[in-house]
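As written, the chains take the letters A, B, C and D, and residue 1 is the first residue of each chain.
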Amino acid sequence: MAEIKCVGILTSGGDAPGMNAAIRAVTRSAIYGGLRVKGIYRGYKGLITDEIQEFKTQNVSNIIQAGGTILKTARCKEFTTSEGRQLAYDNLKRHEIDALVVIGGDGSLTGARIFANEFNFPIIGLPGTIDNDLYGTDSTIGYDTALNTIMECVDKIRDTATSHERLFFIEVMGRDAGFLALNGAIASGAEAAIIPEISTEVDQLAELIENGFRKSKNSSIVLVAESPVTGGAMGLAQRVKTEYPGYDVRVSILGHLQRGGSPTACDRILASRMGAAAIDALLEEQRNVMIGIRNDEIVYVPFSKAIKNDKPINRELLETLRRLSI
Amino acid sequence: MAEIKCVGILTSGGDAPGMNAAIRAVTRSAIYGGLRVKGIYRGYKGLITDEIQEFKTQNVSNIIQAGGTILKTARCKEFTTSEGRQLAYDNLKRHEIDALVVIGGDGSLTGARIFANEFNFPIIGLPGTIDNDLYGTDSTIGYDTALNTIMECVDKIRDTATSHERLFFIEVMGRDAGFLALNGAIASGAEAAIIPEISTEVDQLAELIENGFRKSKNSSIVLVAESPVTGGAMGLAQRVKTEYPGYDVRVSILGHLQRGGSPTACDRILASRMGAAAIDALLEEQRNVMIGIRNDEIVYVPFSKAIKNDKPINRELLETLRRLSI
Amino acid sequence: MAEIKCVGILTSGGDAPGMNAAIRAVTRSAIYGGLRVKGIYRGYKGLITDEIQEFKTQNVSNIIQAGGTILKTARCKEFTTSEGRQLAYDNLKRHEIDALVVIGGDGSLTGARIFANEFNFPIIGLPGTIDNDLYGTDSTIGYDTALNTIMECVDKIRDTATSHERLFFIEVMGRDAGFLALNGAIASGAEAAIIPEISTEVDQLAELIENGFRKSKNSSIVLVAESPVTGGAMGLAQRVKTEYPGYDVRVSILGHLQRGGSPTACDRILASRMGAAAIDALLEEQRNVMIGIRNDEIVYVPFSKAIKNDKPINRELLETLRRLSI
Amino acid sequence: MAEIKCVGILTSGGDAPGMNAAIRAVTRSAIYGGLRVKGIYRGYKGLITDEIQEFKTQNVSNIIQAGGTILKTARCKEFTTSEGRQLAYDNLKRHEIDALVVIGGDGSLTGARIFANEFNFPIIGLPGTIDNDLYGTDSTIGYDTALNTIMECVDKIRDTATSHERLFFIEVMGRDAGFLALNGAIASGAEAAIIPEISTEVDQLAELIENGFRKSKNSSIVLVAESPVTGGAMGLAQRVKTEYPGYDVRVSILGHLQRGGSPTACDRILASRMGAAAIDALLEEQRNVMIGIRNDEIVYVPFSKAIKNDKPINRELLETLRRLSI
């Protein structure tokens, strides 16, 4: 295998807090290890349109605390075509980039896997998504920050939620995964969470109304994962109106603000460790793996596993939420 | 005029951060001045249903930093009837309450004014509303906190707003007043604000699209006051879709979280000064006035003026926003 | 073993954010499980002075987000005497309390262990300390919040740290443990951490000055664990003055504010899970164990192990910090 | 008077949150008005060492929310000499800079005044200092943010301040001015503030101990302005130890973190308005004035007045604090 002398780095897909901390860690670990680093802007798009710039240690100064990503991110249709990927490969060659570190979610790692196989190109992935839906790592970069953002929003809403028999549905992100909704509910002392993972098992709304919500409580806050499976907050509010007309329902959709903000300590440390580990992995001739942290230890997860496997939620948490909302 | 020996205090209407700081200040200033204090729960409703409790200085310990209101708040239809108000008056008499301090917005002070006139009962109002739409005071209790909350949310959304030619409409509170939208836009570096005050003068959306939004900028954030006059963020997004189909629009509605949160220094100091001034006003035999602060000085504003007059926005701010969004 | 019908709960030692979330979880899980709950104020002191109150689910409403502890905490000399402990035991009997949940650090669990053995009394401990220095659990209640508080303070200090060749020593808590200093340094992008764990191995200050601090950097921030072993920030600054007179040193001691604040999502979830697990443990006839969470699973740690064993720091983190500070 | 075509901008002295918002506003308002803008790094030092760069509107994108100053700041001894100022003038001429906007405190405006007079050079000052000690403006850029930072720190310390008869002295900035201490005390619900303005009138510590501090309160928090006149927190603690040995005193010195952090809405709006007004002032042929905002209106304050006059504290606030701390 050819020696690696220059590493390219890009962020792709939805941005997540901590991506900058990861960019910093990859850049500095690479330079520390004697490698050159090039930053690629706007994800795979910048690979194709050649938005590539040499990075020194100063390029990543004072960014660890910033939300978003200094490398920008974009969706890129051309990269799904073999012509697009050929252009990307040619640019990599021209810039003498020998390996890539890709920070992103499910879709980004899928693209990385295809490209890596097609051109036999070394790629290391870092799990960057607020949804925490990548298999093989206990947490993804951005998840802890999003969880805290949600909690702080619910704390504020609770300040004003005092009237009788009122249901608040607060919609949070998590298209296919209820991590944010379930953990957000426990963290904010909400009464329930409605999540996609158990949507086929049980009618969570019926259960909530019939068993859970007829307490001495003045108000109830329910976190709902945004998902076609759950119906989302709006869908549930509509159901309450027709099926349980006695309840006064309010809806709040947290939306885009969940993606932003300065990363928490947890996300910055996670991103820093993973970024350093990405360079270690390359130097150890690892390829096509995502860096994960499990039980506080760095692990290498083959792309195929990280992408295809569903990450299960912890059922203990469902039970804890139920007990604490009495 | 009969001597005042016992003051009742209530919060009414939508809650606002800083109401607790005001409750604390009224309570302690009254006790400091030798008066007794009674807390009335759930606004005018608690007057009628007799949810009234003696307050000592300890009752208001450690609440200055809490959002919401420890006295709760509620809408109350009975208080709009003379039967309801008679019940309220009877309860006040029974509890030997000689005067009231009412913390709330427009509607709450309107109720106060009617009651005060009907029973010749001394009432002092404190402006408690995030909308800042009460005439006679530079700021209302809760406004500065809501403004900061909005700004922090927009800061987060901006972290993720990087794609090309994308318009973000972020809807903020302010049914009849654009203070939060306009000042929020300046504070968050947004490109524009769409506010009710100038809705009849100019088509703000047309102006925004035609003049303002075709810059080298990657994304534009526009704050929209929730108002039937502006159309709200959803209404505007609909208009863009049909009238300016070239733009990719995203909508975020901040909603209830704007009312909550720990109050800012500004709101706590405002509430503390106003609460102390309310007791001074009663002892100076002022009645039926709202406490305001103008140019850093306490002023007494007759209820009639505070309620009926429109508070004008500062046109200089519109111009500043325009200049800074280039 | 006698059936447990009533559980007492207390917080002891230095307070930590998340203690209230733990009190809430213990109370509600106990009531959910059919037990009665009594809150004991001011730690072991309240056991002796009989400050004990029945807790219902409402007693712990709306406290999950509050820093400090609603049960207060205190040091208690009497509890170190057998007379004091006898009084405590008598009060427990009189209140029909059959078991205790004690939330606190090292010293508190040591007291719990002695008492439990002396009177054959069932006690479950929860690790409540910002220092994270209890063996057998990946994290303690309060640690994540303190870490984020430290990080936010350093973020602010960094805003102003721009002059040349200036060293900032920022002292953080952690008498015998460098978790806060080391992780805080990584999270805040500081240049180094000086911690007690390796103080005997190497002269960390000499290493810092000689190898690490002569970069193109304008300023360097070093986190120092408050400890007789490290010398603390003041001690180090003194050493720099005499041994390395070329440097301009500033000192900042974060102090008490590290203990306070609304707990993070991580701490609230940790506390909620541990609180629920404490009741499970009692019902499973566990005694004299501390609840821990290791690798995301609840574990029972005998008091003797939790107290006596040193919890090692992760050496990988030292290396990561070194690489990222270039 | 020669037409102004190009404006230089610099920040000087201690940095303050909101300086970046001011830089952005000056830059964009100037460009909007058809002027060129040059950023000068490291204050007066960069004028002399020629660290000057053309600024476009993009140079100030996305900085409104950042603490510190992108232009850096430094103390500069050379500028106190006429040789240094001649060098500065020569550089200005060479860069075709016709006017300066200087953002800073007392010392910075003093330097501006001397330079402006010496070379008949147009300078506009913006009040940038957290201390709020400039005459002629209700608030200075950075003051509101520092006040909120202090308040949040005291909120955290209060969470843990529960023991009996304990005095906390928390030292805040404000060498010659008690604005931060006095307003911080009201905002955080502290029991007292010790400030330089009244140090010669009364022994504030004696008054505090003898009259104020013997309540039913468990703990007392006192904010102390860092000042040779007050003695600072350490000095006061020493006095308590010798003069009032019955009290258990704790000291916390907030230090440098008070200067940093993302600016509040209030500071960003203030800085934006003042920055825009600075360009207006230049175009209106104003010279050697500081921009102030009084009673919500832009005013021009001659340097001589801004610097030399003491800004009085509002005595009403002292009385309010006294009444609310019972």
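Descriptive notes on the structure:
Here, a residue touches a chain if its C-beta (ideal position, glycine included) is under 8 Å from a C-beta of that chain, and two chains touch if they have at least 3 such contacts.
For reference, the UniProt names are A, B, C, D = ATP-dependent 6-phosphofructokinase.
For clarity, every value in this text was computed on a predicted model and none was experimentally measured.
With steps allowed only between chains in touch, the distance from chain A over to chain D comes to 2. Ranked by separation of Cα centres from chain C, the top chain is B. Distance between chain centres (mean CA atoms), chain C to chain D: 36 Å.
Centre-to-centre separation between chain A and chain C, using Cα means, comes to 29 Å. Between chain B and chain C the centroid-to-centroid distance comes to 40 Å (mean Cα coordinates, whole Å). Residue numbers of chain B whose C-beta contacts span two or more other chains: 155, 158. Working note: touching chain pairs come out as A-B, A-C, B-D, C-D.
Chain B makes touch with chain A in their complex at residues 14-15, 17, 66-68, 72-74, 149, 153, 155-163, 168, 250, 252-253, 255-261.
On chain D, the positions that touch chain B within their shared complex are 24-25, 28-29, 31-32, 57-58, 62, 64-65, 138, 144, 147-148, 150-151, 155, 158, 183-184, 186-189, 216, 262, 264-266, 268-269, 272-273, 276, 294-296, 298, 314, 316-317, 319-320, 323-326.
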